[in-house]
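We just call them A, B, C and D in the order they show up, numbering each chain from 1.
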Amino acid sequence: MIANAISLMIIVPLIGALVSFFAGSKAKFVALLASLIPLVLSLQMYMEFDKTSKIMQFVESYNWVPTLGVKYTVGVDGIGFPLLFLSTIVTVLVIIYSWGETKKPNQYFALLLLNEVGVLGVFTALDFFLFYIFWEIVLIPMFFLIGSWGGPRKDYAAIKFFIYTHVASLVMLLAIFALYFTYQLPDGSRTFDMLTLLQATSDKTIFPTSLLNIIFAGLLLGFLVKMPAFPFHTWLPDAHVEAPTAGSVVLAALLLKMGGYGLFRVIMPMLPNVDKAFVTIIAIIAVLSIVYGAFMALAQKDIKKLVAYSSVSHMGFVTLGAVAFTWMSIQGAMFQQFSHGIITCVLFMSAGTIQHVVGTRVIADLGGLADRMPKFAVLMMAGFMASLGLPGMSGFVAEFMVLTGSYPTLPTYTIIVVFLSVATTAAYHLWAMQKAMFGPILKKYMNVHDPHSYELFSMAMIIVLTLIFGIQPGLITDMMGTAATQLMEPVVTLTQMGVI
Amino acid sequence: MYADYAYLIVGLPVLAFVLCLFVGWHLPRGGGFLTALATFGALVISLGIFSEIYPDKIIHQSMPWFANFNVGILIDPLALVMLLMVTFVVTLIHTYANGYMNGDPGAARYFAEAALFTASMLGLIYADNLLQLFIFWELVGLCSYLLIGFWYRKPSAAAAAKKAFLTTRVGDVLFLTGIILLYNNMASLNLALKPGEYLLQFPVIYAHLAEIPPAQLTLIALGLLGGAVGKSGQFPLHVWLPDAMEGPTTVSAMIHAATMVTAGVYLVARMFPLFYAAPHGLTAVAAVGAFTALFAATMGLTAFDIKRVLAFSTVSQLGFMMAGLGIGAAVGTMAVGVAMFHLIGHSFFKALLFLGAGSVIHAVNTNDMREMGGVGKYMKWTMYTMLIGSLSLAGFPFFTGFFSKDEIIVIAYEYGVLINFLPYIFLVLAAVLTAIYTFRMWFSVFTGKERSNYGKHESPMIMIGPLVILAVFAFGFGFAAQSDFYSYLDSNFEHYDVNFEELSVIGGHVLAGEHGATEAATGEHAPAAEGEHGAEEAHAEPWYIQILPIIIAIGGILTAGLFYWDKIKKFDPSQVTGDNDPIRKMLLKGYYQHEILTGWFAEGVVYGTALICNTIDIKLVDGWLNWLSAWVMGFAQNIRKVQSGVVQNYVTALVLGIVVLVVVISLAKEVGLA
Amino acid sequence: MDFSHYAPLWGEALLTALAVLVVLLGSLMKDSGKLMGYLSAAGIVAALAIVANTLTISKPAIFFFDTVSVDALSQFFKAVFLIVSLLVVIASLSKYTGKGADVYYALLLFATVGMMVVASSVDLVTLFVGFELASLSTYALAAFDKSKKNLEAAMKYFIFGSVSSAFMLFGFSLLYGMTGSTKLADIAAASLGNFGPATLVALLFVIAGFAFKMALVPFHMWAPDTYEGAPALVSAMLAAGSKKMGFAAAFRVLLIGLIALRMEWYLAFAILAAVTMTLGNLAACWQDNVRRILAYSSIAQAGYIAIGFVVVGAAYGAAPVTAFNGLAVPAAQLGIAGALLLILGHALMKTGAFIGTAQVASMVSASSEKDPDDISNYAGLAQRAPITAFCMLIFMFALAGIPPTAGYIGKFVLFSSAIYSGLLWLAVIAILNSALSLVYYLRIISYMYLKEPAGPKVSEPKGYVVALVLTLIAVVWIGVFPQSFVDWALQAAAVLLPQ
Amino acid sequence: MIPLELNILLASTMFTIGLYGLATQKNGVKLMMCIELMLNSANINLVAFSAYLPNVNGQVFALFSIALAAAEAGVGFAILIALYRLYGTIDLDNINAMRW
């Protein structure tokens, strides 16, 4: 067992970022190495991970600002580990995909690594102070990725992304303060320890419902904006459209997951204790995100925007599964996080590849690309199929579990989702595929050809992962099941008490 | 022994899929022989299993998968006959395809996708739980999509593929709803499951149907029916099937005639106890089936594309099967046997017809029957094998279709006596039309004069061979198998813990009981078990009902001949109605379904909603944000004007500031705030 | 006479003597600017060492007839002033080397001494003297380069500053009249309880005097013009040093002398803080001159820091209901500590940012006719002057309160103390403002990093680079290892509260 | 002795006059005079209070303040002279290049 595995995973990319910043054109090798180490570590952790344990694993804890009750505490459980794993995989693949980046490669790869630092930190931090710091750090690399390597409206998109999500984080920070100042340890001290604070929220004498409602709303807003959920999603399409491919990939695959992670880590332990109206509100938001996102995707003319809205729709499943709060739905939602994380990579890589091979992403201007790019077409089709929920690939398992699991507690919402989104989702995916890839090849595209092998490799690896986790979801749902059981426990108690 | 290798029934085609996908490009004919061999292997295993478990055993294997779900293999009579039929027909079609696809640059892709399809279809058949069935159900849908769009450079093919996927997806929405409802209803029973038992396993479902509230059962049944309607091309989700003919003909034969489209029927048969228990469940099945049978047949009359005629025919025949199952409300599990018999028989003769059509198209290079004519002169094998198929389809005595389809009509009469005559009337009319359009096709293709200059040669033996084999089955299967088949399938649900009597009460089949049909409705006592289908013995229908199908078949063929066979031609079809006749126009336009579904619903309602959402998003959801930022920035612009640069103004501001503070604090003192 | 008794004040003495020496030597030796710079830097380092010796002095040492107090608070502020001053001197080494530079360094030293005196004052007279010493030196510094802008800036600064001094002095005179003493402790002891118009006038005049230095709206009007017009390094001194002197004075006078009137100044500061941060941030959004942006940002930051007063006003005397690390800390103490941390952080960040602008101005002033501080000069700075750009980048993020930086820690403690003391509304306004401020910080960043360069790569003068990098390290260090700073600030804050 | 109220009245009047002048006058020298008025008004206060309390602190304070006011005037006039050299005027309405 590797000591301090998590800290190592956070530090190695940080050092890697510094080194590759000064490595000039060699940056990509540094970056690959610096991202492979966390991947290896996370694989090792997977081997050692006790899937049946309900407590945090690989915990490290050091005093940091003892005066304020701030500790450097990191650890993973069934909620965090899959996302940690996802982050390490996606970063490696994104770096491989970007192998041919020639514009300021040193900064580019450094930012990708810095992003990994932030994301890994968010998924492992067990102290709100630490959590918030990593949460905010992530903004910086993404801001530059969009701003430096982005499209024509990159400034607008980058600033909108930064300010929009930052405002939400600040609201979240206020809520964290409220938690912090309301709860005292037995010796009168304050703590930012997440698990302690969250456990304390169930104590009505410390957190009266009226107070908890406000705290809850603040935290929820922070996470929903990050997810993003309707109606807080409008920063996402802009950011995606302007971001470079790698930026879009990490944005959709990892950054959005931070919001979902927050739901599981922070929101759900509080959910049983807050006003019941929140369940309705969140459920409505979830349903709207799913359905509205799907319809929005249908209306898009830019294939990347379409994919961006599909993210809104798919992340809605996470919200739905979380708020439905059944053993199955929680697992489904967690798995949807993981699954969307990998699937969306291939979607954005497809959009990016189309952009740089053909020079446009406007769906109406494309046509018949499969003729000249057969390998790419296969991979893109596989990705789209995974995204529309084709069985055998991970997306289906996730969505099926969410829907099946959500029905007992939220029957109406679930049925609305099934009726309005399943076919719509298929519609926009297929429509885009058909328009872009099929039909006769347009004359102006006679000379296009399959993209570089490293791009195809990244996409293919993701398809393989999608298949692996689609065919054997138990690889990762087992630990999610344990986490779900853990999350359910307060509910069980409350049910026994007749509160719910 | 063979049962231990049951997994290979799916495994072999999967292997073929992988091989064709990655190395097919380097193999002769795209590696098609691999696909055919793999399927043949599956056939051999299926036969082996058949020999092991026939007549009274089943195979059930299961292992845990994730969460509360498992993967498993369930081979009971229902699954076994499907397995045998699919492996057999598909082996033939793959063999045929080796000839048909020869020279196509995408052959490897074709065979990879075909192998994947085979695997999925077989997986669907012997899935032991509903989730697994759904997964393979979707995968066959995917393969259907891929294969319809095989010639993706053709915009119409790409569009048809999309349409097929989306239309069946609409059905799948309902199917998924059904599964969700079923799972949660099962879960809420808090069953004490034994190890190896899972909530969505068919045996478990069968055993606990009676405990689920009837209203829920109806919802579940309607959901599952929705899935079946989509997949089996029943009204109103049949619209994709004629378009699906854009794919290679072998695909049409394999997927859109013999195997995949029957999955819907198979699903209803598989869940028959549930439909039986659900109040109005079978009524809905019967209604959908009977209506589709007639509705599609009318369209089959007017189509000019030979494959579309066959496609409408398929839709119509699937309607017959559905109706046959629906009639179970009157005759009990016997309906499963009757419907499945038609399913199997149909797959032989319809595969034959499609392959024959493919053979013709292969030579003639067009789908349009108006440009054929007299093809029989050059393609004797094709002509005669297709004749056998056509006769079988039309229900000519002693051909397979006669035994299977007419059995449905007969028990529909039974149903009519007991419950409602509408299905019977619909089916009889559909049968008449079937004979007419089948022979309209056959006559206009093979007889008469050449209406255009087409290639005049017979297809290669690799294509003819399967035709001949299929022709043998299209002719003889019905006669040879009928009695054993019924008894074997009627025993299907005896392997499970199903109490049809109880379910009958839940399902409200009291009517049947009053008329003394309770016996027929309960599995064990069904006279069908004695070797002959029971309703006939219990209720001997009047002789004219028995004879009617024969009259229908022969009459229909003759009618077609009067219009299209040059030897006895009496009428010119184009003279019967004017070109502007609204009914003719409506039939030609396929009841304006394209206009309604694609034009109005998909492009109007769905895409319109999407556009409205888009406007809302831009103007409102993002708009308020932009408005806010514009407002703040405008405000900021005004604020900074305060800084005038004149030092005297600064001093004034200072004084004003102090004054304001004085006033505020004094006021606050007054009201006791500070 | 035993001078060792005065050891804690040797720093001030040293700097005063050094300032005189610098002027003398400067007039004797030709072209000694650089030497004077080094000398000043050495002196400041020495003074810093002396201050560091008594950094966390637990019992206040009182000198000169109870007018000067050396305690944790005074040493905190002195350390801030000395650090700022040191950074400015280091940066100046690249600019002020020639004739007349000796005066520049002497003035800087005098200003520093003035600020240090204010930090230690517990008597109105000493405080006024220190205040004026710092003001007079900076008036002269603001005009130092004698360009049109310099003079306009100095003139506005001077007039506004003098008026404020007059207000302050008038307020002091009234306080004296009412209490009979100029010592803060005596003023506090005298009953100011029977509140009347005179008390109010005295209070507001005193606040006006301090608020001028702090640049709180509407006493801020001079600041944008002066920060823009004065030499960039002087602006750094003004924004980072002189402004903090206002806070040092206000803390002493209001929290010790006028604590009886806390409900009044609580209200005044609540309004001032809210208005200041909002107006500062809004006005900064539309500026094209980077130093003017920084000026408005500085005003906004003053608004945040002023929350500290509001927290004290709201929570003064409330029993500690919480403990941090086992130590009972009242909300008021946390509020002051937050303000102090933000003062420290802001001093560093603002010094760094203004040094950065000086560096950019030095790049363009030779070649271009246009305003050297115009934001268009920052286009592509990341490629033209990577170190400067990177440091500026971090300062911008730090000013915006993005973790892990000094700016974040300061805001974190301060805003959390506001919530702790029940001032949720103020915390919300502050946080919204903090988000709004991103508009202009990101604008500068996007010019530096996302735009095409406005010129070729340039060499970055060493003095600036050293100062920038030192500041950068400090800003990040405080952000990553805030523990000792938080403790220090809490200790300093305790001085102002009854034990 | 003159009543304290009259002293304070005088001081306040002087302060107000100075302030009024500052807000209205444009000439640099006049502004300097106004500032002096304001500072001296405070000195009057200090001395008056000192006499009435009786307490010498105020007079000490006034002495310091006078010295500082003188220094301030020195710096102020230096700036004005420099301004005059550069602009040719000390009319402050002409010296407002920096605004908004």
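Methods note: contacts are C-beta pairs under 8 Å (C-beta built on N, C-alpha and C of every residue); 3 or more make two chains touch, one makes a residue touch a chain.
This one's a predicted model, so the numbers in the text were calculated from it and none came from an experiment.
Novice: Return the chains common to the contact lists of chain C and chain D.
Specialist: For chain C paired with chain D, the chains in contact with each are B, in label order.
Novice: Taking every chain's C-alpha mean, which one sits closest to the mean of all protein C-alpha atoms?
Specialist: So the chain nearest the centre of the shown protein is A.
Novice: For the chain pairs A-B and B-C, which is connected through the larger number of C-beta pairs in contact?
Specialist: A-B
Novice: Between chain B and chain C, tell me the centre distance in angstrom, where each centre is the average of that chain's C-alpha atoms.
Specialist: About 77 Å separates the centre of chain B from that of chain C.
Novice: Compute the distance, rounded to whole Å, between the mean C-alpha positions of chain A and chain B.
Specialist: 37
Novice: What is the distance, in whole Å, between the centres of chain A and chain D, each centre taken as the mean of its C-alpha atoms?
Specialist: 65
Novice: Would you mind pulling out the distance in Å between where the CA atoms of chain A average out and where those of chain C do?
Specialist: 42
Novice: Could you say which residues in chain D touch two or more other chains, in rising order?
Specialist: Where chain D meets two or more other chains at a single residue, that happens at 19, 22, 31, 92, 96-99.
Novice: Among the residues of chain A, which ones contact at least 2 other chains?
Specialist: Where chain A is concerned, no single residue meets two or more other chains.
Novice: In chain B, which residues are in touch with two or more of the other chains?
Specialist: Touching at least two other chains: 640, 643, 645, 647, 651.
Novice: Chain pairs in touch?
Specialist: Pairwise, the chains that meet the contact rule are A-B, A-C, B-C, B-D, C-D.
Novice: Taking the touch rule as given, give the residues of chain D at its contact with chain B in the complex, in rising order.
Specialist: Those residues of chain D that touch chain B are 19, 22-26, 31, 92-93, 96-100.
Novice: Okay, in this complex, where on chain B does chain A touch?
Specialist: Touching chain A: residues 64-68, 131, 134-136, 138-139, 142, 145, 149, 152-155, 157-159, 161-162, 165-166, 169-170, 172-173, 176-177, 179-181, 183-184, 187-188, 602, 606-607, 609-611, 613-614, 617, 621-622, 625 of chain B.
Novice: Where on chain A is chain B touching in the complex?
Specialist: So the residues of chain A touching chain B come out as 164, 230-231, 233-234, 292, 295-296, 298-300, 328, 331, 368, 370-371, 385, 390-392, 396-397, 400-401, 403-404, 407-408, 414-415, 418-419, 422-424, 426-427, 430-431, 433-434, 437-441, 472-474, 477-478, 481.
Novice: Applying the document's contact rule, which stretches of chain C touch chain D when the two form their complex?
Specialist: 124-125, 128-129, 132, 135-136, 139-140, 143, 146, 148-149, 151-156, 158-159, 162-163, 165-167, 169-170, 172-174, 176-177, 180-182, 224-225, 228-229
Novice: What part of chain D is in contact with chain C in the complex they form?
Specialist: By the definition above, chain D touches chain C via 8, 11, 15, 18-19, 22, 28, 31, 35, 38-39, 41-43, 45-46, 48-50, 52-53, 55, 57-58, 60-61, 64-65, 68, 71-72, 75-76, 78-80, 82-83, 86-87, 92, 95-99.
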